[in-house]
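Chain naming follows the written order as A, B, C, D, E and F, and within any one chain the residues start at number 1.
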């Protein structure tokens, strides 16, 4: 499965897609990048006259790369269908260390804690281009092709 | 300080403002509501053909009501200036239980854990109109009128 | 659904059934009892010449009453089939305070933390007949009627 | 002290003995194995027509190898008597990842967190013969030659 | 056992005694007070020209009232000897919210988490005379009349 | 900045100074030593006729070396003023493994978890001269040159 095929299977679309490329993926983890477009609508409101990427949007980018892209790979590897992927975030636990400004590029690294009964839990980290830690934590979600309930 | 004055001091603007009204606030906690407008841009991408409010946007609404609106009240009560409020999220730890669909109204309740050295940490909960728990956790952030660094 | 119907649906049989009766059950929690039969085989080996109920067997009784019996009730209430229930323990976190000797009766009380995507997590406590806390903790498991994988 | 001498000092007997051999032991940790006999009585009841090793029995095997066998070694090394060893489990905190079926062999690895005032706490892991992680966590217990109370 | 008898059995002496009086004690918890004498030697060095009670001394006062005085009461109630009490702190986990200045009086409240195998663990809180929370956390220690090792 | 210059900037004075020398310091961590003078006043009272270094004083030594000396270095490196340093302990979470007797020398090692908004949080460990772990945990505090409030 190529990196582009993984991204094509993501259930997200613009303007809520926060993955540009996958750099590496295997059984144990994944890494990828995203560049925050200066024209994102949320910069108009976060904050008034002072655009900074919201911490929750950093979290979303970590989840889309570190959890969902990774989960699609893992499901495909284990022979499951990856058409019509359903996602539900079940928990996030993140510490924030550095701000990310409009136009900055980030690298997300994720390591599998476990994947069982359609639940994937990962340790995730985001770095800026100076290799400084931006945020770090754990994200868990359900990933399935059937209707989640 | 009226509820409207609190909201007027929030450093957010549309489309990244997720507070409609404050219901109650005192030394120990705050509650407020928000109705997710069906026309939010993020529904176009989360998910493709299947609009559901992103978990990170639920988190942001909990932070704007439970942490930032509350912090503005607490700072004002203790006699500090609340002009040009600066905010930085430092940690979030959330479990998600129920989805919120476009157009749904939610109630956020927040209780102070501590507020010291410009850091406010709270326990927050979000409920839907059936009084079902939507998500719950802890959020902490820096809140100050001087430049944060 | 009667208490006896719940017990009849349990996927356990002797000698690994550690539920005698359900005392109460509703949307939020369950309580039930079990009396440890002096003739249980494990007393021969735990310990040599010194029979005490193994902590892990106390844990199993808490799980069968507090998680599995409760989960059968919750699934039935929400209209799901409860034929051919499948169970998998996913985590347990227990502190032990008092020993239980052969022949002692215990009461288990369990409160729901959440039930979503077939995963049920509960806070559980066990008491002896002097109302002393025997052990306490959290147990989580998957409960479904389809094959778990 | 030979590996066989450690096993001979264990306070357990069949059918509640879940240690076959010690592979290695030193000041910092221990490893050992156990093969789950298909004829164990508990398979008749866990589950009806569907024998799987109970999670609590996996926990017991981790405790007998990783905590009690290890504690006997540590007490003997420090010059304490190891006749008439008394054991009491004080806490367990385990996550379960893979099922173990009748007849499967497992390897348990344990690392000392601390041993003080007769309390031993360890990090323990269990693997199957494919080197897949079966379960993992922390177990603590009291180990003494005098009567524990 | 009177409150004064409890204090008389404490293994501490000046200048490292941080208990003035016990206000209440029963099976589940204890409360007591201490007034920080302005002449304590540590104020000379903490800090240079700026005397504030060190956080670790607040912790010590919480431990002497909330753990050791309480433990003496619990041991006496259960019929154990309380002559020549031996103490060893095993863990502390404290968050600090307000400073305490020379001459201030504090109230400590402690609740038992468990007392078993000579280990007592408590939830403790300290308040100032304005009923504001000063610090809060958990403290555990061994308490015995025999030599601890 | 030399090791001696760091110690000269510490806001502590005798008898509440528990740092003798810095051994090493860089962006990520620090190590240093302290020898507990037999004549410390606290040995008179902790315990009666049985002098042992109080656990809270071990904690203080870990904080003065691992947090405050380290913070002075980090602030100086980033170009901030280090005159009139203000300190406030915000949390400590320590496990104790070995006693330290009057006259013993200890080595403290500390690693940065994060330093942001004037808050420094570190993992700290103390060893005796036999390289045995004495205590270990996490300490966090505010460090600033302006008045903390």
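Things to note:
Assume a residue touches a chain if its C-beta (ideal position, glycine included) is under 8 Å from a C-beta of that chain, and two chains touch if they have at least 3 such contacts.
Just so we're on the same page, UniProt names per chain: A, B, C, D, E, F = Hydroxymyristoyl-ACP dehydratase.
A quick note: this is a predicted structure, and the numbers were derived from the prediction, not measured.
Between the contact lists of chain A and chain E, the overlap consists of B, C, D, F. Shared contact partners of chain C and chain E, listed by label: B, D. Between chain B and chain E, the least number of touching-chain steps is 1. Using the mean of the Cα atoms as each chain's centre, the chain most removed from chain E is A.
Rounded to the nearest 5, the angle that brings the Cα atoms of chain A onto chain B is 180°.
Here the CA centre of chain E is 23 Å from the CA centre of chain F.
Each chain gets one centre point, the mean of its Cα atoms, and the points for chain D and chain E are 38 Å apart. Centres computed as Cα averages put chain C at a distance of 47 Å from chain F. Touching of two or more other chains is recorded for residues 88, 90, 95, 116 of chain B. Contact between chains, using the touch rule, shows up for A-B, A-C, A-D, A-F, B-C, B-E, B-F, C-D, C-E, D-E, D-F, E-F. Residues of chain E touching chain C in their complex: 114, 116.
Taken in their complex, chain F has these residues touching chain E: 11-17, 41-42, 44-48, 50, 54-57, 59-60, 63, 87-96, 99.
Residue ranges on chain B touching chain F, taken from their complex, read 88, 90, 116-119, 142, 148-149. Those residues of chain F that touch chain D in the shared complex are 95, 97.
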